[in-house]
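Presented sequentially are two complexes of chain A, the first with chain B as partner and the second with chain C.
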Partner chain A sequence: MKLTKDNLHDFIRGAAILGTGGGGDPYVGRLMLEQELRKGADIEILDPDNISDDVFAINVFSMGAPTVFVEKIPNGAATVISVRKVEQVLGRKFNAIMPVEAGGVNATLPLIVGALTGLPVIDADGMGRAFPELQMVTYNVYGVDICPLVTTDDYGNSVTYETDTAQRAEWLARGVCVRMGGISQAAGYPMTGRQIKDTAVRHTLTLSVEIGQAVREAREQHRDPVDSLIDYFCTARHPRHAATLFDGKVVDVLRETKQGFTVGRVMLDGIEGSTGKHCEVTFRNEFLIAKTDGRVVATVPDLICCLDRETAESITTESLKYGNRVKIIGIAAAPVMRTPEALAVFGPRAFMMENDFTPLEELG
Partner chain B sequence: MRVGVDVGGTNTDAVLMEGDAVLASFKAPTTADVESGIVGAIRAVMADADVVAESIESVMIGTTQFTNAFVEGRRLVEVAVIRAALPATASVQPLLDFPERLANAVGNHPYLVPGGYEFDGREISPLGEKEVLAAARDIKRKGLNSVAISCVFSPINDAMEKRIAEILRNEINDVELTLSTDIGRVGLIERENATIMNASLVELSKMVVGSFRTALKNLNITAPFFVSQNDGTLMSADYVERYPVLTFASGPTNSMRGAARLSGQDNAVVVDIGGTTTDVGVLVHGFPRESAVSVDIGGVRTNFRMPDILSIGLGGGSYVRDGERLTVGPDSVGFELTEKALVFGGDILTTTDIAVAAGAVDIGDKSRVKNINAALVKNSLAEIHRLIENAIDRVKTSVEDSPVVLVGGGSVLVTQKLRGASEVNIPDKSAVANAIGAGMAQVGGEIDRIFSYETEGRDAAMAWAKEEAIQRAVAAGAVADSVQILEVEELPLTYMPAGAVRLRVKAVGDLAMRKGGDG
Partner chain C sequence: MKLTKDNLHDFIRGAAILGTGGGGDPYVGRLMLEQELRKGADIEILDPDNISDDVFAINVFSMGAPTVFVEKIPNGAATVISVRKVEQVLGRKFNAIMPVEAGGVNATLPLIVGALTGLPVIDADGMGRAFPELQMVTYNVYGVDICPLVTTDDYGNSVTYETDTAQRAEWLARGVCVRMGGISQAAGYPMTGRQIKDTAVRHTLTLSVEIGQAVREAREQHRDPVDSLIDYFCTARHPRHAATLFDGKVVDVLRETKQGFTVGRVMLDGIEGSTGKHCEVTFRNEFLIAKTDGRVVATVPDLICCLDRETAESITTESLKYGNRVKIIGIAAAPVMRTPEALAVFGPRAFMMENDFTPLEELG
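What follows is the complex of A and B.
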């Protein structure tokens, strides 16, 4: 597959949905990609099923505050510097680029780096969604070292991190990010083809394009785009359980900013099929746990998405407000994200929730 | 006494007001030259109330001309864009997301130069004065006369944008300059887009403001005149000449504010039912609640102060279909209502026919709807009310019932109590609500910046922001004593250390009235 002008909008729409309420607005990412595509960039996407073990890929991403992103736009050239620094430290060249995050603005950056370096981009990531911190990645769960991690600012100044854990790298890089002007361009988690096959969530880039496409086609053909999205997951290449958990309107949003995270709850009253019921979804940048009439119906890392009930456009935790008519949908996370080791890193308890993870399909 | 004028695509309306009282109103078709339509409408209200030109203290004009010109890509000038930002932001060039037609209309003349600020006010780079000078010479060589200037985080510090303006003025005679700090909020691309839009309208704005001046001169009115902005406040004639883009969407804002004033409500949901759509918005302290999301104008993304208006496909001309499931709208016979509706001899069942059959209104030939069965009438009315009630509920900010102000020709469709409404007001004269809204005579000032509460302290930052907003309102022409803080919005930044907060404060006051002068 290739990313082109024709499927760019589908990809962005899909990446916003996989953002599960967070991940940042991919609008700026779309503009960056558009600029590269207009210059004639040819971005090759590699299927992880078909790569050889000696592929050597580097994960790239932006760190920082979405409010800064919209003003001081992420710089693809700075990311390339980070990639080259990691190569210097390791004394080995990369032959592929990879996203760490499939949802939100970070889904777009690796493609821009692919365009700038001419390297192919692996169709896989370490979350299959969006998460707020660098250690919340399948690679980390299964023993891939985040280091050497390099972050670079717009001037080309970079910092290399050699740390004992991914958490520590996250902690240090986050602090440096503030000094770098609230945004930095990072490269980390160098991986071999073998490690990608063993630890990554596969085909998430194609997934974004295809769910974006499913939603667009449903709108064009006047079918229900949310239903079409659910159908898509059930019949996809890697079928996953997916269901509409609630159909309702937002009656209250409690939101505060704690230690740099948007933390809160959204309350919904049911309409149509959910009439008479109530739903509450807890979030910390992304949606974490959905409850209907007090009963848990979905838990992180399964994907909980809040979509406009007419258009299936993704609604972020920052923009939710009273009166939004939404459908809350649940999508089973990939099996690689539901193991005990994975749940220890990004299950409900990793977010200080009092519930344990229960698979979506068992809660139905 | 004041005159409020609304220049719409179809009609030019005028009202003569004293305080809250409407002394006279007049509706006339908009003329091709605009000027004679305004003269005719103002002359009519002055004659009606028997008022001489000398007693007019001010004139307020609302106009959709600039919005229409931009959306249609007509009468725009080519624009040079200078962005102070390097080494940052090179990954998204100016004008990237303009639809091709508009991109061609404004040309492709971007210049990126070193400069810009960090979120905390540090410089990204010192301003590249040499590069600005080189750009200025190139712009001069190309014969471009209008320049849009943007800079990363200029809402925090406008010094670089001002310095660029200075260099350009020294280099090019009579150059028109638009600074992004004067136009928009945090969000570089959206703010820059709006700045480019403004720069593309400068020639048209000179012409339009000139025609307003001539119109008033022909009427012997020497009072200053003002033009409505998109948030409902006014700007002076000189200001609109430089910032025509700030008039975008002032039409719906004026309509809502005018309707609310007519009904004596400052906090209400306004439901405007037209022929094809129903527009629903919320007034808070007399001003429309602003949209939180980005607004596209002619396909270009901006972050204007736009009223948050929900449009649904329900109007006086909406189709009523009695199929397996009864549906109302979203399609409409629109302006062909008087040919296609049953009561007008047509063969399409519309909401107007239902209202006539229900006895809510007597228009057309009601004998043509007497055979519609009672259940269909009842169910259609139920569906119409459900659609309106849903829309009201969507725009409300809390579960409590709210007063509702109902305007527009389609308001005859409302025959029953509306769920969610504590009361329903249907004001008289709502046909000229836009002109009344324009005539409401308030001016505002706004600040939108990122503060560090850690270093500045919350109280000090808040006090400074409020004072700055008040000063801006006074500078825009408000009576100092009347200025009040209308809105305070605090948004802590995510993924940042505690204490970095985006603070937006808006102040509004009454326009200082004076006789004479030329604005």
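What follows is the complex of A and C.
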């Protein structure tokens, strides 16, 4: 897989859909990446199935509330400072860059850092979707240390964390993130090729391009792009359950930027097949739980996506507004995300919800 | 000067008086230091007038709200972790330890770290008093970099800050301090012997012992210990203006632990020579400004101390309570603390007060 000006739009569209409402504004992410590609950057993508065990990769991401990212744009150069600081603490150089999550910004930032440093980017991440907190990645679930973690602000001020758990690193780094203005540029979870193969969710970049392409082709061929997206998942090489959960319009949005997160809920009234029904989706950067007429229809870690009902373009939690005509769709999370260990870290109870996880396909 | 079991009580008493209500509970500080001395620790104190230019010292301190220190005791071992982390970043070992400030805990902690590491302690600090924020030291005023700064919690989790200004380090480290439970153990302002001679307030440890001794001797000789303390300053080798500003009893205390600081004010009704008058002293960890019947009688950086009117024992801002019979005394800050550069960093306006600094002796 190679990322070029040709498949860039597909990639961004797909990554934003996997971002489940979070991971930053895809418009911002696209502009940042286009700028690097226009400079002639050639970003090499490595297939995790074929990497050597002694690859040494660092995960990079923007941390903070997506509401803030809209005004305070994520910063590639500051992210490179974080990478260099981690190298300094470890006394060892990285030879690859990696995303922690999918999403409009956090899927593109690693590619930008790849372009800035000349390092290849691994086609894998820590969730195959987006999550709000640093401990919520398969790496952590399956024993990779987040530390040394470094976060840097736009002025190049950096903070290095060495903690006993990823949850504690999240707690401390979030406090700093708020004081850095609601966004910080992070590098953490240094990983060997062996650890990547053992713990990462593979081929998220390829998947992003493919689903972005499925949506584009449906539009070109005047098919329904949301239906085509669902078909893609159901008939893919590794099929996953996917379904439209609700068809409606946004009638209310409650949204706050609080302690470094964008939290709230969106209320929808049904149209077409959902006429007469009501839907509520709760979010914390990402969509966490969807309820139709009070009944749970999908919950984390399964993906809940809010898509424009005509174009299937992803609508992020910070940009949702009254009047949006949307379809809420559910996509089953990768199997590695649904184990008991994984659910303990990012299942519904990790978000203080009162229900246990039930797979999307059983909620019908 | 040597610190032993014999002059320990004098030292603690004197350091707490210079702490101007902050710097931690002297009782806690004394217990911590007694424990080390009982183990047979021999703490070498270096005279800053006689050190070599290539001494390389690190400042250590507890950061946080003194209200928290009472329950969550400062931690010598965690402070040593911070020192080692600074060494790791700089790739160079320290050969001396230094206090940033006077006070019940922050004057003793460097001695404890000296005992734990076997390193000598410099008889100097960054203010000759206590202040609430990290940038409020002569080192910073006169050009010494606070970074790398490290703060560590009781579990050994450490955070390293590399920032453009000391004020930004304070801002970020304060956020972490709150999330570490309201107290963190810090090491910062790495300094050479040359920098110590150029920027530090010298002989604060010796001064602490001497004023503690003056108070003790007055008690033994049935003289008024508060008057004797004032006499000490007025007739010392380097005389400084000192005066009793108010004699009264505490009738109200407003105190909150907020964003990592102990903030509030104490109201006093006059007794004896102050009968019929009222006094209000505002604090942020330390006492900042004293007003009698609405008129300013002392302000930072001059020292405002609240002493038991019978024993001259210091009363800290976190332990003040209704009914305390106290004398409020003012002591002129060292000349190095009263320059325009210094006042810009810790004069009244740095604390959002509306008045400029007027020396204690002119407020009469």
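Annotations for the structure displayed:
Methods note: the second predicted complex is superposed on the first by the 336 of 364 C-alpha atoms of A that agree within 3 Å, B and C clash if a C-alpha of one lies under 4 Å from a C-alpha of the other, contacts with A are read in each partner's own complex, and residues count from 1 in each chain.
Throughout what follows, contacts are C-beta pairs under 8 Å (C-beta built on N, C-alpha and C of every residue); 3 or more make two chains touch, one makes a residue touch a chain.
Just so we're clear, the structure is a prediction, and the values are computed from it rather than from any experiment.
In the superposed model, A:E162 makes contact with chain C only, not with chain B. Chain A has more of its residues touched by B than by the other of chain B and chain C. In the superposition on chain A, contact of A:W171 is made with chain C only, not with chain B.
When the shared chain is aligned, chain B comes close enough to touch A:R325, but chain C does not. Once chain A of one complex is fitted onto chain A of the other, the partner contacts of A:E71 are limited to chain B, with no touch recorded for chain C.
The interface of chain A with chain B overlaps its interface with chain C at residues 155-156, 174, 178.
Chain C meets chain A in the complex at residues 85, 88-89, 155-164, 168, 171-172, 174-176, 178-180. Listing the residues of chain A that touch chain B in their complex gives 27-28, 31-32, 34-35, 63-68, 70-77, 112, 132, 154-156, 174, 177-178, 181-182, 249, 251, 257, 259-262, 285, 318-319, 321-325.
Touching chain A in their complex are the following residues of chain B: 85, 87-93, 96-97, 116, 118-120, 122, 124, 152-153, 186-190, 292-294, 301, 393-399, 450, 491-498, 500, 502.
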